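You will see chain A twice below: alongside chain B first, and alongside chain C after that.
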Partner chain A sequence: MQLSSLRLRRRLLPWMFALPAVATMAFGLLYPVAESFRLSFYELKLGEAVSPEAFRGLALFAEVLADSAARQSMLVTLHFAFVVVALEMVLGVGIALALEKPIRGMSAFRSIFVLPMMIAPICVGLIWRYMFDTNAGPINAWLEPFGVKPAWLADPGLAFLAICVTDIWQFTPFVFIMALAGLQGLDRSTLEAAHLDGVSGWQMIRHIKLPLIAPILAITILMRLIDALRGLEVVYAMTNGGPGLSTELFSLHIYKSAFVTQRMGHSAALSVCLLIATMVLSAALLAFANPIRRGR
Partner chain B sequence: MRISRRHSLKAAGAAATMLAAPGIVRAQGTLWSKLRGQTIVVNLPSHPHYAVAKQIIPEFTAATGIKVEIDEMQYLRLKDAQVLQMGKPKGDYDVIVYVIMWKTEYVQRKFLVELEPMFGNADLAMPDYDRGDIIKAYYEGLGLVGGPRGYLPGPGAKLYGIPYGAECSVLAYRKDLFAKHDLKPPVTYDDLIAAARTIKTREPGIGGLAQRAQAGHQVTAGWLIHLTPYDGQVIDDKFEPRVADPAAIKATEVYKELIDTGPAGGAAFDFGQMMNSFLQGQSAIYCDSISVFGPARNPASSKVVDTVGYTVHPKAVKHSGELGGFGMAIPRNSQRQEAAFAFIQWMTAKAQDVKVTAKGGQPTRLSTLDNADVRKIYPVDVYRECLKIANPDWRPIIAEWTEISEKVLGIGLSDVITGKAQIAPTMADAATKIRAILDRAGYYKSRG
Partner chain C sequence: MAARNAPADLLRYAGVTLMAGLVLLPLAVMGSTSLKTQADTFGSGFSFFVSPTLDNYRTVLEGRFLGYLGNSIVVGVGSTAITLILGTMCAYALSRFRFAGRTSIAMGSLLLRTVPPAVLAVPVYFIWNGWGIGDGLGGLILVYVALNLPFTIWLLYGFIEQVPGELEEAAAVDGCGPFRLLFTIIVPLLKPGLAAAAIFTFRIAWNELVLASVLTDRTTRTMPYAIYLFITDVGVEWGKLMAAGILLALPPLIFTLVAARQIVTGLTAGAVKG
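Right, the complex of A and B next:
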């Protein structure tokens, strides 16, 4: 009897230590999400309190699913997320591989390289809106000798390209830092052994370095994917989602529902849809390359 | 009793203030003196008119003892902050500056204080305020809510705001370029379209008409400029959408044509970019708010100071100009409504209106247009003509307008002008969506 009580206590002890943190997390994270779910059943204007008369059940979800603008915005978001995350991964990992060796002045370069990440996204949006300005922007000034003057933010395709370039500029350094940390944490003896076996530079990257840092890259992709799906400020400042809906990321669509049309319930329903989409994509990614499972 | 020199000076100073602002002094004799020491918070936009108006606020504090804190933001962001504040039991804002298109929604949601009772309070109202001197189109368009269609002057309309930074539309053009190409200032839309085509083809790097066109509110505003001159409307008296009618289709075709012959990148311009395009010499024509008057004559903001001519918004099927801009109102949940009312009166009083207009702001009063100093620097005669055609029904100022403007027209029109969509099906789709919004809001319930 005493033995089983001791075992029980031992089993419960870790949970008791974890309880305060779990409870705080549950309140801090789950409560807003739960509240968002609750609001999505009500047709409310900004500033109005929840009331039984405002209850609409699943009608707002039905409206979201039937809304062609919401569907298009989701497609734009997925397109944007896949393009920017793929390019940021290629560029960030490539640069990390190029710069992993200790070279004189490299620490200063690394500091400069991560600067874009430190700028507030709304400022990034304003900076690049100016960069892409048709008449006053530096990009068109550079292109002037070639006789071209693209209307970057006034053309649906170019505007999409512009927001992708901006995101890549801002977040490639994040991928770079993560990949560099992974590369610098590699076991040197493994690399030296491969070197002694006559492995070429490309083989070293392809078969040794990348597989070894794959768990870190998986986490990086996951973080960037979630971030890209939630992108708002840059697009808000650069294009306000236009022309048409060509750059209207889903978060901007939600923002407009909440603050332009002030339909809080509708925007909550949209938020729930985005949360579900993000969770599905994240789960798919983790199923494909779960770093925790790999670690075990 | 011996009067010190210091007291004499104070008395002389007070007398000078009284002479300068008799209305204030009479009101100060009663309630205004009790307001001394209060601090009000004013939520106002980043806008050329308010940039000038802010400069005289310290004079208000000096004259009344009421301190003013300013919360300034981009004009389309005002609504987010205002709705959040006015939805609370006690709000932080004592004076809000609203865009004309929000007035009906704010009143329907019981956010604003009705001003007529405050003007009826002799202790609070400035005796020489003279509301009859405020430009009638602005007073009715910005201030009155509850009349026909909910926003027009007429039976049931009540006063909830005072216009300040109100606007009608005007056409500005480059006199030098027009003379160079033997063009006359546009009187009709045919003239305007022809001039825009000429400039686009003959002046490398310069567009015809600068317009607002960024997706959302801006593209709708740019389109509205042309809609009512072609006798189009967004919704009719029965709240049925009319954006797919032939008049609206024609106006949309004209809008696209003017975008195509406009400056490079014009299909993404917001208000500031549109005005800058004209002021920086990238466009030869401007047809929008009269807020261009101030910046156009300021060498710091304009490269075309001496070459700008003005004329009335051209006629298509009829003459019809914009009526828009800003008004000041008092939130119902303000804790300092009397001081807020004092502020609104003082800022819009005759003396201050002349002062702000002379510095580049926008006039609110007829007497300001008669002022000799203002006439020297302001195209007053053209302005008076523009006011005559300012259309109070330029856009339907119903509570659902923001949603219609930004989420329906603001997307469809953007697709049209960038060539992504055809006009007729886009406008038909917009009409369906507008009807769905109005149906959801209950406009057709009584019809069964």
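Right, the complex of A and C next:
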């Protein structure tokens, strides 16, 4: 009797530690995600309760695929993600290669580089909305000697450029920090051996260093892509998706279709699409960096 | 290692200084604008130094903003404390025990790590209102804790794995119970991990806008949403907006200056072996 109660306690013990967190994630994360799937089958206005009459099956998904605004916003998001992630990778990795050798005071500079990632995205959007402001903004003031005064956030092409510049400002330092961590973690003896074999300069970078930090770069790309799919606050503050739909990132489109046009089911169907995309990227991320398989 | 090469080092310094300048420039613009009068923000051309005044800060802090600042502090500190406690316990269970459900918890939380807040907004609004927590700080804290637990669990898991098991065996032999063991023997050894997890959790809870905008009302509003409403309400009063922005940015700025190393640990967690 006593033995079995002891055994029961030992079996319950891990759950006593894990349960509070698991319950919080189940109620606060998993349940809303599941609810999102459920709502995507119903045509509902914001605030309406789920009813059998509102059931539409997969019709809302068909509508998402046919909807030109949804498609436009997907294209904008893909375009945005491709442009910013490509430029951030080239810039961040390039700078990391140039600054790879440890220099005195680097830690102070590193604190500066993480600042744009730490402050609120709404704040970042606000700052850059001001930077790009046609009349009051510093960028146009600096351009004045050249006799140009672009209306940055009022022109579709320029507004898209502006949100890209902002993202590059915000996240190139992230790529830099990741690449630098990878480079400084490289095995010195491998590099030394390659050096003795006469490998140097570009050859060293192209054939030794980049292949060795490739897993970290892959993780960085995936993390940036996931962020690009999740983010909306910077654009919300800068352009609110406009002019037209030129900067309407997919997350912003979901938010607006729920709380501006107030079509919950439609927004939930869009959400399910975004969820699937982020889950695929997350699963790919796990293939590179799975904390469980890390072992002791 | 090759001998230090002075001209190359000089070039490197020039490079990092240029990069730091580009990073800091927009922040300096925000700081300088927050100290300008409305007339000066529209003066011809932009310049950094025009008769600085603290009026914008005074106006911002005299309004409802002080209450929103208080809400943000409650949400930020509350979410961080709860996330750290629950996350440590769960990471400990995953690291030290092999139990039924362990793999499901692990995989589930890893995949939920990246759920976009925009996806959560609709169902959370719906469900939380059903539970009657749709417009209070408690509901906001619940969703922030849930959102931050996956990252916290996995960051701390890595740190707990580094702690040798012999320590606990010795303590257990001395009759130390499992919970006391975790909080008195293990937790003190996790300080760097806890610091990184705390900064990243606080960052989300302090900065987040989307969920805050659907889960708060006039009295429970947090700073990011209050600032967003500022943009639309006041139109283009840049000075006040920037002063509010500086107040919002201040805590993360301070964290970054005192704990940059922990932030880098958090950023590179999972990609680089710490």
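As a working rule, the second predicted complex is superposed on the first by the 243 of 296 C-alpha atoms of A that agree within 3 Å, B and C clash if a C-alpha of one lies under 4 Å from a C-alpha of the other, contacts with A are read in each partner's own complex, and residues count from 1 in each chain.
We adopt the following convention: a contact is a pair of C-beta atoms (placed from the backbone, for glycine too) under 8 Å apart; a residue touches a chain by one contact, two chains touch by 3 or more.
Keep in mind that this is a model prediction, so the values were computed, not measured.
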### Query
A:259 contacts which: chain B (first), chain C (second), both, neither?
both
### Message
After the superposition on A, what does A:173 contact: first (chain B), second (chain C), both or neither?
### Response
second
### Task
Tell me which partner A:237 touches in the superposition: chain B (first), chain C (second), both or neither.
second
### Message
I'd like to know which partner A:135 touches here: chain B for first, chain C for second, both or neither.
### Response
both
### Task
Scan A:149 for contacts with chain B and chain C and give back first, second, both or neither.
first
### Query
Which partner does A:216 contact after superposing on A: first (chain B), second (chain C), both, neither?
second
### Query
After lining up the shared chain so the two structures overlap, which partner does A:13 touch, if you call chain B first and chain C second: first, second, both or neither?
second
### Query
Of chain B and chain C, which one contacts the greater number of residues in chain A?
C
### Query
Is A:60 contacted by the first partner chain B, the second partner chain C, both or neither?
neither
### Message
Taking the superposition on A as described, I'd like to know which of chain B and chain C A:245 touches: first, second, both or neither.
### Response
first
### Summary
Residue overlap on chain A between the chain B interface and the chain C interface 133, 135-136, 259
### Footprint of chain C on chain A - complex, ascending
11, 13-15, 17-18, 20-22, 24-25, 27-33, 35-36, 39, 95, 98-99, 101, 103, 106-107, 109-123, 126-131, 133, 135-138, 141-142, 144, 169, 173-174, 176-178, 181-182, 185, 215-216, 219-220, 226, 229-230, 232-233, 236-237, 251-252, 254-255, 258-259, 264, 267-268, 271, 274-275, 278-279, 281-283, 285-286, 289-292, 294, 296
### Summary
Residue positions on chain B within touch of chain A in the complex are 79-80, 83-84, 86-88, 109, 213-216, 218-219, 263-268, 270, 277, 280, 282, 402-403, 406-407, 411-412, 414-415, 417-418, 420-421
### Message
List the residues on chain C that touch chain A in their complex, please.
### Response
9, 12-13, 15-16, 19-20, 22-24, 26-27, 29-30, 33, 41-42, 45-47, 86-87, 89-90, 92-94, 96-97, 99, 101-103, 105-106, 108-124, 126-127, 142-143, 145-147, 149-150, 153-154, 157-158, 161, 178, 182, 203, 206-207, 209-210, 213-214, 223-224, 227-228, 231, 236, 238, 241-242, 245, 248-249, 252-253, 255-257, 260-261, 263-264, 267-268, 270-273
### Query
Contact residues on chain A for chain B in the complex?
45-48, 69, 133-136, 149, 151-156, 159, 239-246, 248, 256, 259-262
